[in-house]
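Across the two complexes that follow, chain A remains constant while its partner is chain B and subsequently chain C.
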Partner chain A sequence: MPHESMSFDHLSAAAAKRHEQNGWPGSRDEAWRFTNLNEIKALSLTPAKRPDSHAFSEDKNLIHFINGVAQNTDNISINGVRIAPLNADSELTTALADAVPHPHSVADFALAHAHDGMAMTVSGQVDTPLMFRFAYEGDGISSHPVVVVDIKPGSSVTILEEHLGSGAGLSAPLMLYRLGEGAHLHHARRLVEDESRYHLGLNLVQLNAKACYHGDMVMSGGAISRSETQVRISAPDAEAYLNAVYLGRHDQMRDVTSRIDHDAPDGQSFQRIHGILDDRAKAVFQGKVKVARYAQKTDGNQMSRTLILSRQAEANTKPELEIYADDVTCSHGATIGEIDADQLFYLKSRGISDEDARQLLIEAFLVDVIDELGDPQRDWLMAAIQSWIKVR
Partner chain B sequence: MSATAETVRQVEEATGKYKYGFITDIEVDKAPIGLSEDTIRFISAKKEEPEWMLEWRLKAYRNWLKMEEPDWAMLEHPPIDYQDIYYYAAPKQADQPKSLDEVDPELLRTYEKLGIPLHEQEILAGVAVDAVFDSVSVATTFRAKLAESGVIFCPISEAIKTHPDLVQKYIGSVVPQGDNYFSALNSAVFTDGSFVYIPKGVRCPMELSTYFRINERNTGQFERTLIIAEEGSYVSYLEGCTAPQRDENQLHAAVVELIAHDDAEIKYSTVQNWYPGDETGKGGIYNFVTKRGACRGARSKISWTQVETGSAITWKYPSCILQGEGSVGEFYSVAVTNNAQQADTGTKMIHIGANTTSTIISKGISAGRSNNTYRGLVRMMPGAENARNFTQCDSLLVGDQCGAHTVPYITSKNPSAKVEHEATTSRISEDQLFYCLQRGMNTEDAVSLIVNGFCKEVMKELPMEFAVEAQKLIGISLEGSVG
Partner chain C sequence: MPLLEIENLHASIGDKPILKGITLTINPTEIHAIMGPNGSGKSTLSYVLAGREGYEVTDGDIRLDGVSVLDMEADERARAGLFLAFQYPVELPGVGGMSFLRGAVNARRIANGEEEIDHIAFVKTVREAAASLGIKDDMLKRAVNVGFSGGEKKRYEILQMALLEPRMAILDETDSGLDVDALRIVSEGVNALKKDDMGVLVITHYQRLLDYIIPDHVHILADGRIVKSGDKSLALEVEKSGYGDFTNAA
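Let's look at the complex of A and B:
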């Protein structure tokens, strides 16, 4: 049911009530069965305060969020991009209220504690890539950025979204990207927080007719990192591409969750998820593709591959298809294993050392996901992958 | 019979009355309706069971009381009233029959209608049949021939008395009483089933087969089957099900346990066509089954093959615990749902030992307004060095009112283990259909041909006796689903 016009405070209060009722999920909750939140529950979290002064950002295309709050955006001057507090945009606040699944522990937590969100409208072809930099700091501080980006029909934009910072706190970003008819979004994300941090994010994408979403992510930071993407294809001929790389080592936990709802005919979705786990790291990829009865001629495709480098690591995969339309082509594939012995042998037989050969194969395995991307996303994501590999 | 006449007959069978829908009228010795410790004592006393068996049942019952009915499967059904079920019904007979001649002729006629005349089977098929009519096994054939090679094949109620040491050692060792809600219920109230013991080094001289039937109104059937294959032995076990037509839903909660020791192999094949309910989903069997095999020994092998076309609700996950080094687990499944049927079925492959391998091939076909779910688990434990799994699950949708779902869980804790999973969902290819039609086939034959082709990888795993019946069943199950 679409909401009547709704204020942010109202939305926040309703979410706070839900979160109070439901709290954080336990392992009996199917959507969270692989990701144990006990460590996060044990943190005594204080919501980040609204900063007193707003710092100016130097760059014209960089929006800086400190502990979830957008800093002064007055100097952002790009044609076709308009930024406002979410509180002042009742249309997008209502859109967010309609888009958020509830109850949803992450969304409810973020909305309950956020002071306000940021609303951005994009119209026309925006050639300059926009950068969202989410910096977090402080022990026991929870941050809850809420961002709604509305891309008008026929418009296109590239957004680079980065999450970084330190301190044993929780980042719980809630993002909504709404694409109008024929709109294009290239959305690249780097989740590169310090190993002390916890990250539970919800990324919502809504696609109108002929809209096209490219979501590419590298997740390498945080003690526990979960990124959930929900794409809703609500009008014909829309396309969604979700590519993700997750990298885990030490005792880290990685959780990539996706859900694609094909609610309209002729939609296409392609997902490619590659993960590498070292030491005692654990990971889960759970992806669901749901095709509604009238979403005929849907093409849904998903491939997940995991490389395990250590004896103590643990990989979990749960690809899921729920299909109610008959004229569809849906498939998923999943593999879990170690570096291919034949490939390793081939390289070593050509005089490459064992260590170099492994490095090469790992890199190739990861580059596969982002290789076809255009710039600046490719280099930007590649840098995150390289810096993770170098530490090995 | 000409192809047209055959089709007409099949359509009549599919859309008209359930072919096997009849009720045999024989006096029945029943436990009072409902479930309590008294019911369990009644069953145990009826079966003249030793004290340990009764204690075992009661323990399971007390466990069951504390458990909750699982709700995670993609199934919808009205709540089951466990107090509105008869837990025991046995055909009244003064003494155990010594031969087929002594068996109630009414019973024998029932089997004839089902197309399994015992006499004929005895002579022609060379199959030993342990027929379960409701809850008591009434006839077992070829016992002598099997006994020669040391094979024990008898109703489990008999085995409890004659081979208590074997039963006590193995029962509940693969599916513990408290494993799940339905296995706990079964452990408390199971009435009969088969017991098979293959001694060391023996290759069972014939395929073993059991037909299960649900007959008495409101009698849930709770079979318990236990198969033990000693070192180096081999057995192939066939299970087929038909049930008379009912208005009320009937509960069926079986437990099957398989144990394979070193180098032993068990092949377990099922064709399940319990009454699926009418076009609107009224009636039909609720089939909640726990089947699990333990490959305890090195290089042992357990293979499950199932063709599921019946039941209003199917909740069934034949699994393998691959403990022994180099042991092999296989799961081949065809599940067909039509009208208002719901199936949530799949397998679990738990790799514990090194060099273990498993193969999962699942073919789901949904038609009508049915929902068909594959739910599977592949788990590589830390010790599963160089283990391998290959999984392929394909779904075929016939019509735009049905649903096909795939829910695999994959977990690996060993880097040298390799897991591969692939799944596809599509409908019958227009090209294939067109190709068949333009060569003069009618639509229904073409669909049957294409669907049987789609299932071929599984069908070829079936023993000969079942293959023909199963192919026909799939055709019949889908009649009327394509306009």
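Let's look at the complex of A and C:
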């Protein structure tokens, strides 16, 4: 049911109420079966205060968020990009209210504690990539950036989103990317927080007719990191590409959750998820594709592959196809494997050291997904992958 | 000094003894052929020499240039100059051919205290060596062995040998899957390398290859043992009468 018009405070209060009622999910909640939140619950979190000093940045295309709050929005001057506090934009606040699933523990938590959000409107072809840098800090502090980006019909933009920082706190970002008819978004994300941190994010994407969303993510940081993406295809001929690489070691947990709602005909969604797990790391990829009865000629594709570098690591995949239309092409596949002993021996028999041979095979495992990454974000994402591999 | 000495070599896979006392000495420039029926242990011998994990040497020794290689891993043995052309070359999806070849050559060079090879010069070297083996340029751009035909894989093995310039080359059924033309090209490749003091161990099931790569010594392997050694006429004898006599003897 669309909301009439909603203020941010109202949205926040309603979310706070829901979170108070529902709390964080337990392991009996199907969507959270694999990701145990006990460690996060034990943090006894205090919401981050609004920072009083404004970080200065010369960059015209880089927005700093300190513990969730945008700092230097006044400096941003790019043709076609307009930024405002979310509470000053009732249209986008209402759009967010309509878009968030509820109850949803992450969205409700983020909305309940956010001081405000950032609203951004993109019109025309914006050639300069925009960067959102979310820096988090502080033990026991939770941060809740809320961002709504509205990409007008026919417009296009590249947005690089980086999440980094330290301290045993929780990052709970809530993002909504709304793509108008024929709009294009290249959205690259690096989740590279320190190992001490926890990250539970919700990334919402709405696609109008002929819109194209290209989402690439590298998740290599955090003790527990979960990134959930929900894409709603609400008009014909829209396309969504989700590529993700998750990397885990030690006792880390990686959770890549997606849900694609095909609510209109002729839509396409392609998901490619590659994970590498070492030591005792655990991961889950749970991907739901729901095709409504009238969403004929939908093409929904999902492939997940996991490379296990240690016998103690654990990977889970949970594909879910829910199809009500009869004329669709939907597929999913999942593989979990170790480094192949024959391949390793072949490389070593050519004089390549064990370490270099393993690195070559790890990189080879990622080639398929890396080939899918768009420019210019490929190098930026590759750097995060390389630095993870090098630490081995 | 002998190049490769195999002395009373016993080896098992798991608990299963496969090699049951092999003794063989190969001197520089010599070509030795090992022939034998399927399952006699030829590939096992090649893997044990190359240092494959899971193949346990239970007795005896393998020395390269007088130094035991038993404590060396496969990569160390390769850098010391041992090369195995695989009976079944392994596909490496996602590993680009050129970076694989360069990685292998550089690993050897660094171990020898040499500088890494110049990128452009290397591409040229590879192209030339490939052309002489009838390997198409487009194959070099693909992932290692992926989408190669059986014959192309074998040529690619010889290309690697040519680039790595080993002291001691072991060719495990390099002839299988090759037509006569390819057999000739591959053999020419091997013979061209032989002008240095490389030693060669040719493993084959058929005599055919030995018309092209002419062995100094021929050994018959049956049930993990060398049951007869001789000169190249032994290969012809086998061709005529089959392995029956030898396997009974074992």
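Following the convention adopted for this analysis, the second predicted complex is superposed on the first by the 389 of 392 C-alpha atoms of A that agree within 3 Å, B and C clash if a C-alpha of one lies under 4 Å from a C-alpha of the other, contacts with A are read in each partner's own complex, and residues count from 1 in each chain.
Methods note: contacts are C-beta pairs under 8 Å (C-beta built on N, C-alpha and C of every residue); 3 or more make two chains touch, one makes a residue touch a chain.
None of the values given here were measured: they were computed from a predicted structure.
**Student:** Just chain B (first), just chain C (second), both, or neither: which does A:Ile352 touch?
**Tutor:** After superposing on A, A:Ile352 lies in contact with chain C but is clear of chain B.
**Student:** Of the partners chain B and chain C, which touch A:Arg280 in the superposed model: first, second, both, neither?
**Tutor:** Touch status of A:Arg280: no partner.
**Student:** On the A-aligned overlay, A:Arg378 touches which partner chain: chain B = first, chain C = second, or both, or neither?
**Tutor:** neither
**Student:** With both structures fitted on chain A, tell me whether chain B or chain C touches more of chain A's residues.
**Tutor:** The larger set of chain A residues in touch belongs to B.
**Student:** Quick one: is A:His3 in contact with chain B, with chain C, with both, or with neither? Answer first, second, both or neither.
**Tutor:** Touch status of A:His3: no partner.
**Student:** For A:Gly337, is the partner it touches chain B (first), chain C (second), both, or none of the two (neither)?
**Tutor:** first
**Student:** Touch check for A:Ala364: first (chain B), second (chain C), both, or neither?
**Tutor:** Touch partner of A:Ala364: chain C, not chain B.
**Student:** Which partner does A:His102 reach: the first (chain B), the second (chain C), both, or neither?
**Tutor:** A:His102 contacts neither chain B nor chain C.
**Student:** Name the residues of chain A shared by its contacts with chain B and its contacts with chain C.
**Tutor:** Shared contact residues on chain A: none.
**Student:** Given the complex with chain A, which residues does chain C contribute to the contact?
**Tutor:** Going by the criterion above, the answer is residues 50-54, 73-75, 78-79, 83-84, 86, 89-95, 99-100, 103-104, 107-108, 111, 143, 160, 164.
**Student:** With touch defined as at the start, can you tell me which chain A residues reach chain C in the complex?
**Tutor:** 341-343, 345-354, 356-357, 360-361, 363-368
**Student:** What residues on chain A touch chain B, complex-wise?
**Tutor:** Listed in rising order, the residues are 30, 293, 296, 306, 308-311, 313-338.
**Student:** Enumerate the contact residues on chain B facing chain A in the complex.
**Tutor:** Residues in contact with chain A: 72, 380, 382, 395, 397-427.
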